[in-house]
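Chain IDs A, B and C follow the sequence of writing; residue 1 opens each chain.
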Amino acid sequence: MAEIVIKGVAKNFGSFTALHSVDLTIADQEFMVLLGASGCGKTTLLRIIAGLETPSQGEVWIGGRRVDHLPPRARGISMVFQNYAVFPHLTVFENIAFGLRMAKLPSPDVDRRVRRTAGLMHIEQLLKRYSGELSGEQRQRVAVARALAMEPDVILMDEPLSNLDALLRLEMRAELKGVLAESKTTTIYVTHDQVEAMSLADRISVMNGGYIVQADRPTEVYRNPAARFVGSFIGNPPMNFLPAKPDGAGRWHVAGQSFAGPRTGGAEFAIRPEDLHPAQTGLQAEVRVVEPLGPHILITAQVAGQPFRALLESDHTITPGEVITLAPVPDRIRWFDPETQKAIA
Amino acid sequence: MNDTSPPAPPQLEARRAGRFLFQAGIALLVLWVLVPIWFLFVNALSAPSEVTGFPKRMWPGFDLASIQFFLQFQGVTQALWNSVKVAVLTMILSIAMGAPAGYALSRFEFPGKEFFRVLVIMTRAFPLPLLALPLAVMFIRTGLDDTVLGLALVHAMLALPFAVLITFSLFSGIPVELEEAAWTLGCTRLQAFVKVVLPLALPGIAASAVFAFVISWNEVFAAAVLTIENRTLTAFLLQSLNVSPLPLKFAGGAALVMPALIFIFAVRKYLFAMWGIANR
Amino acid sequence: MPRALPYLLLLPASLFLLVFFFYPFGLVVVESLTRGGEWTTDNFTRMTGHWKFAPAFWNTIWLTAIVVPVQLIMALTMASVVQKLKTGRSGLLYIFAIPLGISDLAAGLIWLAIFEQSGFLNSILHSFGVIDRPTLYLGYQNMWVIFLAVCLAEIWRATAIMMVIIVAGMGLIPKEYSEAAEVFGASRWQRFTRVTLPLLRPSLQTALILRILMAFEVFAVVMALGGTSLPVLMGETFQWQFQLQDRGVAAAYAMVILGLSVAFSLVVLRLLHVPKGARI
């Protein structure tokens, strides 16, 4: 049982604030992904949980125990590093056995556990090799096996797939998901890759500028961004935003069209590119660039002077310079408060 | 193309000439370095009569009489032994103090770090052998005068900046993640250092230790100022320059050069890596 | 993580620097400015009043002025040659680096083997029939020959250290810069002067400072080749300290060497200054 509770954790590096009082609870056996651009504080948060960084304020609890004053070795965690950190002077076997030996396990047990985790990661045949003789993918497997062999309550992963090439990353992603689900550990996984985050996570914490902007299930984060930032960060291409003028009685003027929207305050209109289709009435879009992507075509256009993208079925023939009419799917329209940048329900 | 068998194009000829010049230049530089050493060994490996004779042959007589004469000369074996003792002590002192400092510089951010680093680099802008002058007085007061330890302390001062900077670069070359991984796998800071960092840094540390040894082995000025009875080989040779016969000088020179040659060969892999970082 | 750890690690080295670097240098300053416990500039007037001061000073300066530029050019040549080589690179580097491990005293003895009366220079000239009786080169009548021999020995001995620093520095410059310059039409020489040299400035700084300092400390080479007939600053320091037992004047000499070293280090730093944003 290892629930992780983070209470008001903040971190300053000199005058720079990497984390502003973060609160987050991660359930036992949950797969939590910390997602954000570089410098958003996700790695700092992970390192604070690991004990590699000391928080300036706040508390970290793992499995009902306050750990923020404990060294990494006393926290019941293990970690997979971005560059794998496979010890170059030890064989694969000794790498995987390293933590077990530190825990003074009897050597038959060490042997058994090393072989079991090596089997899990399909590296039984590499046990005698050194890290210099391994490919990046194999090192990755060793790093994961080393973490799993500890049978930890919590596994922390810092962009473990970012150094692999695209195809391998896809394979490893699926494999990791299977292995980690079986191991029944709580996992915290840091990445900047939104597809990775979507595919792996039970929940995603989207981070920006040292804050957690939204922590929710992947579909929720995608469909109902809690803030303008989430919409603009997640999705490829990201959400379109257009300014809206109130029309009274909950209707809003957006680029010459009228839409039903929130009843009060100011608002910004938002729609995902794939939630648009050509129609008789709708937003007038002046096409600038047309990019065929196989199953879809990506249109980059201007709507009321604003950049605007649409992802359409590839059977439409559209040429640059053309003016097309795009209708949004009504229940996919989202509204954001231009003041607070938050979503309006 | 209706020419009959055209002569080699001029560019090709120029390139061939260029390559010849290049290789000749390399050969010349190699000879420039090696021939003088060759001469020293010719002298050392010839009988004393050949050494003082004229004209000389370019080939040694392979006679160990000069070496024998040198080794039996009064005070030589003692001086050799002193040189070894001082150099070993220098090596231990400079690494024992330099390596922890290098580690601290490579792994921690703390107030005063830059100050210390600049301080260490700055010491290189001072003619360190001059330290022997005031230290001679200090040593007389503390009873360290004319002792192996006293000289080793001064030599350690010469070697310390190098030891700090070289170990700093060595430890910087070992990813912090390896150490962090060890911590997450149950190591204390000390265990992680012993089990992960040390095995990886050991060859480099050994190389810088050898470097410290060579610095001490070769040092003349401080050794000559600080020792009277317990002279090192360099001090002995310097003091007896006026009085000693040629065969003694050359055999002594060869004795000085020989270990240095071996040591530089042993650490050749590290020479460049060490100096590359010492730049900054 | 205990906050005191880095300071604990730095403590031994810092204490050592304090006791064996700062304190003795303070002592030298005091010693040079006192005589019999009273503050005075007497030591300096005695030093400059002695007839050997001016020749010692100018010999040292001239040696530096001749040796260092020659060495810089040779070291750059050696480094470029090594850089261009594909096979035999490490072997050549080792040979070029050999003098790095050789003591200045040994270097003096090596060149003594060449220049002494029954030495190899005379032997070679004799075998070619240029001379029939060996000439005495290193007598006090032939000051300029002693000077030349010292120059050669110094060039031979201490080019290696510059070469190693420069090779290491060249290794830090990505090849792409030179290739880009080639694409834009720069000749080999232009690439060297416009790309490599400016990017090499940090290494050149280190190499020059280290080398100039060593040149001001020239001592054992001179002793081995010319005894006391060619006075240099460090040699005079030694004489006053050891032979004449006048520590005050020796300290005054030390101050002169120290002053020259610091002044020239600053000049080199200023001339080869690299703005912060312009580093690799």
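Heads up, the rule we're going with is that a contact is a pair of C-beta atoms (placed from the backbone, for glycine too) under 8 Å apart; a residue touches a chain by one contact, two chains touch by 3 or more.
To keep track of the chains, here are their UniProt names: A = ABC transporter ATP-binding protein; B = Carbohydrate ABC transporter permease; C = Sugar ABC transporter permease.
Values in this document were obtained by computation on a predicted structure and should not be read as measured data.
Please report the smallest number of touch steps linking chain A to chain C.
Tracing touching chains, the least step count from chain A to chain C comes to 2.
Point out which chain occupies the most central position, where each centre is the mean of Cα atoms.
B
On a C-alpha centroid basis, what's the spacing between chain A and chain C, in Å?
Averaging C-alpha atoms per chain gives centres 58 Å apart.
Quick check: how many Å separate the C-alpha centres of chain B and chain C?
Taking the mean C-alpha position of each chain, the two centres sit 15 Å apart.
Averaged over CA atoms, how far is the centre of chain A from the centre of chain B? Could you give it in whole Å?
Each chain's C-alpha centroid was found; their separation is 53 Å.
Show the residues in chain B shared as contacts by 2 or more other chains, in ascending order.
189, in rising order.
Could you list the positions in chain C whose residues touch two or more of the other chains?
1 - these are the residues of chain C that touch more than one other chain.
Tell me, which parts of chain C touch chain B in their complex?
For chain C paired with chain B, touching residues are 1, 3, 5-7, 9-10, 12-14, 16-17, 20-21, 23-25, 27-28, 31, 77-78, 81, 84-85, 90, 92-106, 109-114, 116-120, 122-123, 126-127, 134, 156, 164-165, 167-169, 171-172, 202-203, 206, 209-210, 213, 216-217, 219-220, 223-224, 227, 234, 237-238, 241-242, 247, 250-251, 254, 257-258, 261-262, 265.
Okay, in this complex, where on chain B does chain A touch?
On the chain B side, the touching residues are 175, 177-178, 180-189, 191, 195-196, 199-200.
Quick one: which bits of chain A touch chain B in the complex? Just the residue numbers, please.
Contacts found on chain A: 50-52, 71-73, 77-79, 81-83, 85, 87-89, 98-99, 102-103, 146, 150, 156.
Which chain B residues qualify as touching chain C in the complex?
22, 25-26, 29-30, 32-34, 36-37, 39-40, 42-43, 51-58, 96-98, 100-101, 103-104, 107-108, 110, 112-113, 116, 119-120, 123-127, 129-131, 133-138, 153-154, 156-157, 160, 164, 189, 214, 217-221, 224-225, 234, 237-238, 241-242, 246, 249-250, 252-253, 256-257, 260-261, 263-265, 268, 271-276, 278-280
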